[in-house]
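What follows are several structures.
Two complexes come next, and they have one chain in common, subunit A, joined by subunit B in the first and subunit C in the second.
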Partner chain A sequence: MSVLPFLVAGWILLVGMYGMVTSRDLVHAVGCLAVAQSSTYVLLLSVGFRHGGTAPVYSDIPTNARVVDPVVQALALTDVVVGATVTALLLALALQLQKRHGTVDPDALDGLRG
Partner chain B sequence: MSVVDLLPLTVAIPLVGAALLALSGHWIRRMGCDILTALFATAQAAVLLVLWLHTAHGSPGHSPASWVGGWTPHRGESVGIVLVGDPVGVGAALLAALLVLAVVAYSWRYFDEPPARMPGTFPALVLLFEAGMCGFAVTGDLFDAFVFFELMGTAAYALTGYRVEDPRPVQGALTFGLVNSLGAYCSLLGIGLLYARTGELGMAQIGHALGAHRTDLLTVAAFVLVLTGLLVKAAVVPFHFWLADAHAVAPTPVCMLLSGVMVELGVYGAARVYWTVFSGAGGIPAPAVRGVLVCLGVVTALLGAVMCWQQRHLKRLLAFSTIGHVGLFLVAAALLDPEGAAGFALYVAGHAGAKAALFALTGVLLDQYGSVDVHGLFGRAKALRRSVGLLFVAGGLALAGLPPFGTGLGKSFAEHAAGSWLPVLTALFVVVSGVTGGAVLRAALRMFAGAGRRPGESGGPQTSGEGEEPEVRDPGRRVPRTMIAVPAVLLAACLALGLAPGVGGVFGRAGALFVSRADYQAAAGLPGPGATAPPPPLPDWTTAGVALGLLSTALAVGLAAVAVWGPARRGATARAARRALAACSRTLVLPLRGLHSGRLGDDVAWLGAGVAALLGAFSLLR
Partner chain C sequence: MTRRARTRLFLAAAAVIAAVFALACLRLPPFGTQTHPYADRAVEATMRQRTANTVSSVNFDQRAFDTLGEETILFAAVLGAVGLLRRTADERRTRPRPVAVLPSTRLFGAVMLPITLLTGVYIVGHGQLSPGGGFQGGVILATGVHLSYLAADYRVLDRLRHREALDRADALAAGTFAALGLIGLGAGAAYLQNVLHLGTFNQLVSGGLVPYINAAVGVEVATGVIVILAHFLDQTEEFAGGGKGGSR
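The block that comes next holds the complex of A and B.
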């Protein structure tokens, strides 16, 4: 397997983190977290990839057919569910912050320091 | 039904309870919700107690393990998930269950005005949190650990931001959520790398398969990435910035759980992953792990102690004291020997009782005076001196490691293990527990006795703790009995832990099993030597342990006395000392406090820098 998928996954993680560091808007920051998370999808799916493999559904292919690894697909699916939960919760918190505080700019929130 | 079948129940009971409460919270009203929660929390604690008695007192052969859903290994291979009940894992879950029980009792009358429409939300979230923590503690599967990690994370974010009317909890919860989830995704990347190398997800199985390959950059990257999420949860420098912000704003019962057990589970997870996955051939060499993690622990402990001393916001003070103690826990666990592991486990158990009690007492102050600002409460809490004040002082002394509290015994184990590797670490244990205990005693003297001069306003970045929303809107009511009884029971438990005969034997055996890779692999169904030789039992109290405990307590009392009465002293020496301290504080402490800006971008940047530094350190040392 080539090293390219690992580099791509690392690059996506770094892009997401860069976005979170420089973010001026918490909704944008939550989006960047989702970008960082998509690096895990890329990594997991490419780990299980096999050349010439097809989808691991045996209903219409012979049982000795070459398929990609179904375990990582299950992992990626679980990961999607986890990510959706976290993103939804964080977006709800950001909305609440906009309602109560009137801003979602992380630099304008300085109630907690020192 | 055998004892092994109880393992899956430890996840199922709180999950079912949470689902029931979320569904029926509409109809059964406040009282029904409370009774239902108490029932499930008690059942969970009882199941874990039975399991713990079984595992801690010697199951012959190896630790019990349960393949969920009957997916047992077939010719050495399995796609199933294994739960392993070794004494430290079950003990961690038991600690979480007991603290949840305390929190349920404490919040019985705490939120007197719950959200009118959904009284079941808060207890449902607490049970969900418990399910995540217990599952994380007993799982033997790395990906499953990630899922439980995120489950406890999500429940904790929601609980931290529970009071949505106030902007600060929401802000703290957002930072908490963003930073912790980013750490968790780093862990998942590491798990993906390990799967790419070994094709396995079970911890013992990965560890076994890693031996077929030499340690290369992929192994190191996987180790660092998996460790990142766990160290973020454990609030180890430089991943600690979220902790104080989240603890300062979370509702008090939630703080008890966050500080008492969740943060410590991060250290537990890191040690567990090292021992089961990376400690063998093809893993990471022990001297590298010991060196780097002990360094991180020392920095964390010192930073926690310094920042703890600076705080006037009571919850923030306790939060930084947690960071200081987590540093000590990390040092103990990273010594990579059975005695260090035993000390880690016992110290965490004792600390949970003391810290949860202190948070609970802070909740009483918030309830009575609507403030957690030590300066604002100066001398105002005199009416509560005989009940809350005494318990608060006892909590401060327990934090400082006064024998015979459980914290003192755990500290003496960890201290002994650390001191026999590097003698200077003994001093670290004494200083950090002394300073954090002293900060608590100083606050107690000021609030309950009005001792010394009224502290002046200082410049620089700080969070005062004035203008907190009281969590209970019923001014002038008497302190509910449960709110005093729960911290008293917690402190008594901490005391009992130190006094119970044979604690050293039980924890010594637990520590030896925790660091035994062979036992874990045998439990997870891998061929191997299996049972290890029983360790020599640890003595309960040693003269050196008692002396060092008394020394750190004396340091705590002395520091508190100097801080309270020192500013009023006259004379050239006192003036010179004050001037030197002020200069030191300007040059060293103010920049440090400035670093804790509470900004999301800074936290994430530190996280990135920390990962890069760990990657560099481990690739050089491999």
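The block that comes next holds the complex of A and C.
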């Protein structure tokens, strides 16, 4: 089935979103966001796949070799970096919440406090 | 909104997303197709620029300006995390206590630390030739430094990383990337255009600007990751008391 890899990406996205919606712990929610974001890696890499293609690195293969799409691989790299920075920032925010409000349960964080 | 209502709302939305996404997938070019117009053009350009690693060529040459933005995101995130995790007035610094470590673990750390650092430098240095580059190698370098935390204790890690020097190196490397783009302007070309001597294909000095940007990104990622992790580790290892929740 040729659409299966794309559908897998959609499934990972929805699983991650389900985890975020039902989460009772912000650290867990950040993990779910990382899962949801990893669906974009799967989607990008499956869009760029070419049957019989190898990695687009010509240091030890002939220059006319059949390779997969390097553009989406570069985009996936960007994606990973941005994902890591977002995770770091969100975890720092969760730490601050724990310090100020004494909880990281999103349902317990209902009041505005200065 | 109750949890049950929220889950129901999500499931309804998820059903719509799933249906529309699946419909969109059916109209995509088939998986594994041989027609990749962008790939063909990127490979053509990487051959012209004599960069063996096409992904590095895309990141640091063909899309160098986008990568500058990406690197700025990384720098901003480091700044943001440092701001969020700074020591507050009600926290006091404690001295981390020495920890007993198994001799085998200590030996493992002593052997693996130089090997990991060397691997990191290799991955950064060969970014234009073999898989890897500044981002990947930088993370390996940062991981290597933290082997000292696993194999010894926090005080050893603290001696190994010089906070102020790392902060400065991070900012300097981020600035170096932006400054390297000026070479193109100086040569009468566009900002970040690869105007340096391209060298021989598949040699260490090849790809013109690519190895230099790679090195700047490698330093920035390595120092950035160490600085972020240092502030997270401080929360558990050095700061005591403070806040309503205290340490978890």
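Note that the second predicted complex is superposed on the first by the 110 of 114 C-alpha atoms of A that agree within 3 Å, B and C clash if a C-alpha of one lies under 4 Å from a C-alpha of the other, contacts with A are read in each partner's own complex, and residues count from 1 in each chain.
Everything that follows uses one rule, which is that contacts are C-beta pairs under 8 Å (C-beta built on N, C-alpha and C of every residue); 3 or more make two chains touch, one makes a residue touch a chain.
Keep in mind the model is a prediction, meaning the values are calculated, not measured.
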(message) Looking at A:L77 after the superposition, I want to know if it touches subunit B, subunit C, both of them or none. Which is it: first, second, both, neither?
(response) second
(request) Please indicate which partner A:L4 is in contact with in the superposed arrangement: first for subunit B, second for subunit C, both, or neither. (result) second
(request) Give one of first, second, both or neither to describe whether A:A55 is in contact with subunit B, with subunit C, with both, or with none. (result) second
(message) Under the stated touch criterion, which partner chain does A:L93 make contact with: subunit B (first), subunit C (second), both, or neither?
(response) both
(message) In the overlaid three-chain picture, which partner chain does A:T22 touch, first (subunit B) or second (subunit C), both, or neither?
(response) both
(message) Contact-wise, after the overlay, does A:V67 reach subunit B, subunit C, both or neither (first, second, both, neither)?
(response) second
(request) Check whether A:D107 is in contact with subunit B, with subunit C, with both or with neither, and answer first, second, both or neither. (result) both
(request) Report for A:V47: first if it touches subunit B alone, second if subunit C alone, otherwise both or neither. (result) both
(message) Under the contact rule defined above, give the subunit A residues that sit at the interface with subunit B and also at the interface with subunit C.
(response) 6, 13-14, 17, 21-22, 47, 71, 78, 82, 85-86, 89, 93, 96, 100-101, 107
(request) Write out the stretch or stretches of subunit C touching subunit A in their complex. (result) 3, 6-7, 10, 14, 17-18, 21-22, 25-26, 28, 30-34, 36, 38-39, 42-43, 46-47, 52-55, 57-59, 63, 66-67, 70, 73-74, 76-78, 80-81, 84-85, 88, 129-131, 135, 201-202, 221, 228, 231-232, 235, 242-245, 248
(message) Under the definition above, what is the set of subunit A residues touching subunit B in their complex?
(response) 1, 6, 9, 13-14, 17, 20-23, 26, 29-30, 33, 36-37, 39-40, 43-44, 47, 71-72, 75, 78-79, 82, 85-86, 89-90, 93-94, 96-97, 100-101, 106-107, 109-114
(request) Report the residues of subunit B in contact with subunit A in the complex, numbered from low to high. (result) 79, 143, 147, 150, 153-154, 157-158, 161, 164-168, 170-174, 177-178, 181-182, 185-186, 188-189, 192-193, 195-196, 201, 244-245, 248-249, 310-311, 460-463, 593-594, 596-601, 604-605, 607-608
(message) Per the contact definition, I'd like the list of subunit A residues that touch subunit C in the complex.
(response) 2-7, 10, 13-14, 17-18, 21-22, 46-51, 55-59, 63, 67-71, 73-74, 77-78, 80-82, 85-86, 88-89, 91-93, 95-96, 98-103, 107
